[in-house]
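Residue numbering begins at 1 within each chain, and the chains themselves are lettered A, B, C, D and E in the order written.
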Amino acid sequence: MDYFLQNLINALQWGSFYAVISIGYSMVYGVLMVFNFAHGDIFMLGTYIGFAIATLFIAVFSALLPTWVIFAAVVIITMFLASWIGVFVEVVGYRPLRQAPRASAAITGLMIGIIFETGILIFLGAKRLSFPPLMESHVYNIGGVYFTNIKVMVIVISLILMLALHGLIQKTKWGMAMRAMSFDFLAVPLMGVSINIIAPLTFAIGAGLASVAGILYGQAYPILDPYMGVLIGWKAFVAAILGGRGSIKGAAMAGYLLGFIEIFVAMVFPSTFRDLIAYSIILLILTYRPRGFFGMEYSTKLRL
Amino acid sequence: MEALLNVNKMTHYFGGLRAVYNYDLNIKPQQIIGLIGPNGAGKTTIFNLITGVHTPTEGSITLQDENIVGLATNEIAAKGLGRTFQNLALWRHMSVLDHIKMAHYSQLTYGLMGSFFNTPGCRKQESEIKENSYRLLELFDIKQHADQLVTSLPYGAQRRVEMARAMATDPKILFLDEPTAGMTPDELVQMIKIIRQVHEDFKVAIFLIEHRMKFVMELCQYIQTLVFGEMIAAGPPEDIQNNPKVIEAYLGKEDVT
Amino acid sequence: MQLKIKNLHVSYGNIKALHGINFSVEAGEIVTVIGANGAGKSTTLRAISRMIPSEEGSVIEFNGENILKYSADKVVAKLGICHVPEGRRIFGNLTVTENFILATFARKDKNQIKKDQKWVFDLFPRLEERKDQLAGTLSGGEQQMLAVGRAYMSGHKIMLLDEPSMGLAPILMLDMFEALKEINRLGTTILLVEQNARLALKFAQRGYVIENGELVLEGEASSLLDNPDVKKAYLGA
Amino acid sequence: GDRETVIKVGINAPLTGDIPKVGEGTKYAAQMWLEDIEKAGGLEVGGKKYKVELVIEDNESKSDSAVKANTKMITQDDVLVIVGPQSSAQAVPAGEVANNYKTTMISPWSTNPATTLDRPYVFRGCFLDPFQGPVVANFIIEEFGFTKAAVLYDVASDYPKGLAEVFKAAWEKKNGAGSIVAYESFTTKDTDFSSQLTKIKRSGAQVLFTPQYYNEVPLIVKQAKDLGWTGPIVGSDSWGSAETVELCGEPCYGQFFSSHYAAAGAKGATKEFIDRYNKAHGYIPDDVAALTWDALRLAQQAIENAGELTGKIETDRTAVRDALAKVKDFAGITGNMTFTEEGDPIKCAVIVKINDKGEYEFYKSVCP
Amino acid sequence: MEIARKFKNTFSMVPMFGWLSGALAAVLVEYFLGYNYISLVLGLPKIPVLFGTLIMLKTPIMIPSVLAYDLIVYIIPVLTVAKLTAPATNKIAGSLEKIPIWLSTIIHLVLFYGIMHLWAGINDYRLLVLKLTMVSIILTISINVINGYQGEFSCSHPGFMAVGAYVASILTLVLFVNDKMFGQALLPAELGPWLFPFILIAGGAVAALSSLIVAIPSFRTRGDYLAIISLAFMFIVKSAIENMNFIGGARGMSSQPDYASLPVIFCWTILTIWIVHNFVTSIMGKALNAVRDDEAASESMTVKTKKTKIIAFMFGAFWAGVAGGLFAHILRFINPGTFSIQRLAEILAMVYFGGLNSIIGSIVGAVSISLLGEALRPLELFKWIIIPLILIFVMIYRPYGLISFKEINVKKLFRSKNK
């Protein structure tokens, strides 16, 4: 039982990263209907920014301010800065391709990602960095189940972020504009809404989320390297789409599902088969649910 | 005369929504039948049910006494049901000629290997189909656009491509879903001419959906009226035009077309 | 003169769609533009609402102000020009109410918004019945009502309508035009593009005829109805 | 022709891709070596001084790219010897090319037997997995007297997988079948090992052996601690990078790993090299840099011993190979080397302890 | 601008045959004079390998020499010979027009191969780059069948390639090589090169079969969801191979025999181009386009959409498998890591750069990205800034790729330019 609970906590933490990164992915994907293959690298860049800010703050303020203030300040400033990366990617890579086939935009995204990776490698060298801890880590043991305060924080903050984003998308008129844009972006200006504000805003939110995920990630897995976003980016892509086109709720659920599959497959089966089994499960899910979890049937597209 | 197509007590639900209820249809060779009804009455759905896009919840459909419920759309089409689409369903990266050629798909005999190695048999059949396609293009007056992409064509010409394409499948019955939507009266008159000619040259039966009463009245020998998935009236044009139920539910008092 | 268009040129890539069009609309008027397929009617409307760029030298003025310096969203938000586009273009993944909320995105006058909303629901009671339904699942006629209502909500100094009758059953078509009359009666200028020329000319006060991107005829609607050329080409002899 | 004979030395390194740090170390070591040569006015062979050029090619950490790089250096740049590639995944296919073109290649860091097997022209500068595995296993048994061990390795990566297998075999030979109580894996670029570690902890293992690279070790060690693991964690030469402890910090203090050399407390030429490198680049060189340095010095000695350069590259290459095969008791900074028939050096392994200051301290030496 | 027009006018009457003659002249010049005279005089260490780009980037001082070399060896011979022989070659082209088109194609191809053979014979690195480029061409064309003609966003190509590579490697190793992994060869090694085509076909066939895992779900799902299925397929293949220790697992397989010589690869490339061209220009093949543009309409026009999808995937996967088999026998080493996300990015870059729905586009894409990747080697890291930038610009200015929706017209290509 404690074995199971231990893995449950493991899966919750790991799934939280997938979930937060994939909702960031899903933001852009859901609104602009493009594969944002740069998202993994935006996450990477966001983590580096978080690293810089955190290092600076710890060096300057650690004696003056309580931990949580520093933490909050680092998160907010990083989010703000990282969101500009999103704006940059939108303006450079996606805006010129709004009318182009979606695959072309996917390729530009991929290329922008490679530029980010190489850029970091050029500027910072091949050295890997270690993310400074923003709070002291404590290990707790309850009935043989071990967890740390960091794990709890990761899970809680992820859930808060997801709820906040869900509210933003569903309840505010900005969210409505984003959803409308995913349906028919050419008609959005007719409502008095500028797509040149909504689109970068969406990218900015996606990038902001990625950077928060980056900071949390840096707390749990404190090693930064330029290629850290590649695999996680592709997995977020899997989760975002598995969740269903443009569904934030679905992306979050699929993110957790992915985390759970990876953890529990390794728990039950020999771990060498983990990827084989995990991806076979995903393949099967999509074969039987060809529109993901919450993929909406686009009546206009299906009707003859 | 023996019926070509027989639809019997067809009912269809989309989830909880009853789109078509207890629908009957009987098309004889070379007949022209019209289907009218308010928006959302289920007209297009009936087309989709007969052509196999959806499978009816209940009821039977037979084509020349052969059951076609449950067959794939392409199989039904190959058996002789050609159609056009309400919102134009053309292939946007393909030329006009390719559209017509493509509709000969079910007539291909050369097989995969034939197409890989460009065998003489393949070449021969492809050139026959090409010739036949040009003939159709000429008939529909779009030969001059043969090598253009469909998207670069005027709307009316696109409609004609759709119809020529449907004819290329060599149908026994032609299903037309609002063939004159978005046309000027002038073009409408032309369209009536084309349909008449197709009807005569190819000896096909025609089943069409329209909102333009002038068109329906002029072409159809028999008209069905659908409201909320149920047929409320059927008969020759004159009867329908004066049927109070039809006037109330569909036509309205004033003649606007 | 509320809307003034001078020397309007528009191209799609290499294809020239409009070759210098001139016309004007008075406040409170109903004006219609008719013409064959591909004549450039929709293009004209799109140029006015800035959905597509116009070429150098074109002039579009609204109440004396140059429209061309605004982007599409500003034309709606600042000038109150609303456009019911060809093919409705409602947001199928939003509910009816959300479509309306979005239409008021740039508006700040909360009270007036409420009043407008009520007015639209009074005009189209069918929409109120379905206000929480996803717009994509509405029937064609309902979608058309939503498109008009939504445009009205986004601002209604002038309404540009592109083929509001397309694909509507005859009876709905009449309802729709009744509604438009009502909208006009309350002070909205209407610029209507229609295939159904007879209906349009009956409805409008003045009319213009476009052919191949050029204005070929203009005049009182009733006189155009009697014009033999118009009769032959657009009314079906 | 009238062309001047220049000695070209090819470097095949992963400057981009998964392990750029390895490429960087290789490059820096090579540049240091070239400095020395240039200071001496060139390489003296058969009484004549020759100019030396480095041809550094990036293999992007990809095997096909490594093959292309080798082919290019051999056929286009006419290199006399090649140093690299570092990882076995690239060294194995690239070695094939070098051998086919009869060009001497020394892989400083590849521990896979296939790299040099049946390839007279391919050498390496380090010991092999089949040697290292038992060294670590025996060390743990002697040092701690444990009987139950767990292994955590990357299945998708050649080196960790190979070493994990060798370790398992060696351990089970000593402690009986089933004494590896958990044998868990993950995939390259994974960062979360919690599930595997939970399993390992439950298995009752006393020690964890993880032959991973410097980017994974800190994560593994930290996560193990977070999950309540208290036993020792032991590693292999891939831990040797200075970054391992820099990134890992305190959790890694007190752990052991086997390596080619220990930086802390090094003496003589080794210390000289470390200090010089540290001064130039600001960090302690890792084993890759040290091994590359040795490989280049080996190449240098072979060239000097070749007798004379004819200017005909094919002949010279073979002469260099023969000279290299004959090298005896070469005094490298990572230990003394003599090549076997296969071109593998017979050299000692070092057990390193990460001390309380985070330095790599010499603990003991194990010789074959 | 004026110069460009003049240039175009002067050379517009040179037929393909003339250009080939010019190229032949250039290659002969390089072959006989390149090393001992021209490069020596210009102070180059050797014949520059990829038109000197590598040397130029590494030692900028050499730029003038390299440019002079290119001018003397390539540009001048090609242009002068093409121009001077134009009357003669036009006549030849004219008479070639009279013989069956396939014969004239073969004549052109033989000439072309001869030129390539000479060019590649000068240096083995050139040869290797050329071989790998041709494999890229096969690969790019094959993914174009799925992503371009059939319009899916398939990410499974590295997986198909891996299947082909492994099957072909296992077969050659089992049948013709004495090695550690599979022991004694079953057949005499002399048979190997002759049976190699069948082995490649077997690799392709297994890849095609494996593609059903992606093709069958494609009946019910399209676009984004299928992209994920195909991506999952790629991961599954990689992980499955890693778990198969009898074929080397993560360690990979090596010592494949050296069967993939230039003529063999050239023949396969031409075969691929020919068959794919035949297919995509036939009605049967254009059904792919129809299904892509509007699946429902295709169904109603009697097109068997399910069959068409299966064909597209199996056909694309088959050629990817063949390319994988060739790749394995060029490199003579494969491991699962070779067929991962990085490879996917490369293949996608080639196909979208070159152009969708076009074989010429694929050739252009494969050749440009492969050569660019080699030519910019000296830039090390900066290469990975420049190549992505080029791709971004191409995508912005030509969203469908450089040459899209355009098929080869052999007749027009080889036509005499006599007016």
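Convention: contacts are C-beta pairs under 8 Å (C-beta built on N, C-alpha and C of every residue); 3 or more make two chains touch, one makes a residue touch a chain.
Remember, predicted model here, so these are calculated numbers, not experimental data.
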Chains in simultaneous contact with chain C and chain E: A, B
Here's a test of the contact network: exclude chain E and give the groups of chains still joined by touching. one piece
Specify the chain pair with the maximum number of C-beta contact pairs. A-E
Return the distance between the CA-based centres of chain A and chain B, expressed in whole Å. 48
What's the distance between the Cα centroids of chain C and chain D, rounded to whole Å? 74
Computed distance of Cα centres, chain E from chain B, in Å: 45
Return the residues of chain B touching two or more other chains; collapse runs of consecutive numbers into ranges. 53, 85-86, 89
Two or more other chains touching the same residue: where does that happen in chain C? none
Where chain E touches two or more other chains, by residue: 238-239, 242-243, 296, 381, 384
Any idea which chain A residues touch chain E in the complex? 29, 35, 92-93, 96-97, 99-108, 110-112, 114-115, 117-119, 121-122, 230-231, 234, 237-238, 241-242, 245, 272-276, 279-280, 282-283, 286-287, 290-292, 295, 304
As the complex stands, chain B meets chain E at residues 51-53, 72-74, 77-78, 82-83, 85, 89-94, 98, 101-106, 108, 110, 112, 114-118, 122, 126, 129, 165-166, 168-169
Partner chain A, residues of chain D touching it in the complex: 16, 18, 20-21, 23-24, 155, 184-187, 189-192, 194-196, 198-199, 202, 214-215, 218-219, 222, 225-228, 243, 246-247, 249, 283
In the complex formed with chain A, which residues of chain C make contact? 49-51, 71-74, 76-77, 82-83, 85, 89-94, 98-99, 101-107, 136-137, 150-151, 154-155
Residues of chain E that touch chain B when the two form their complex: 275, 278-279, 282-287, 289-290, 292-294, 296-306, 311, 357, 405
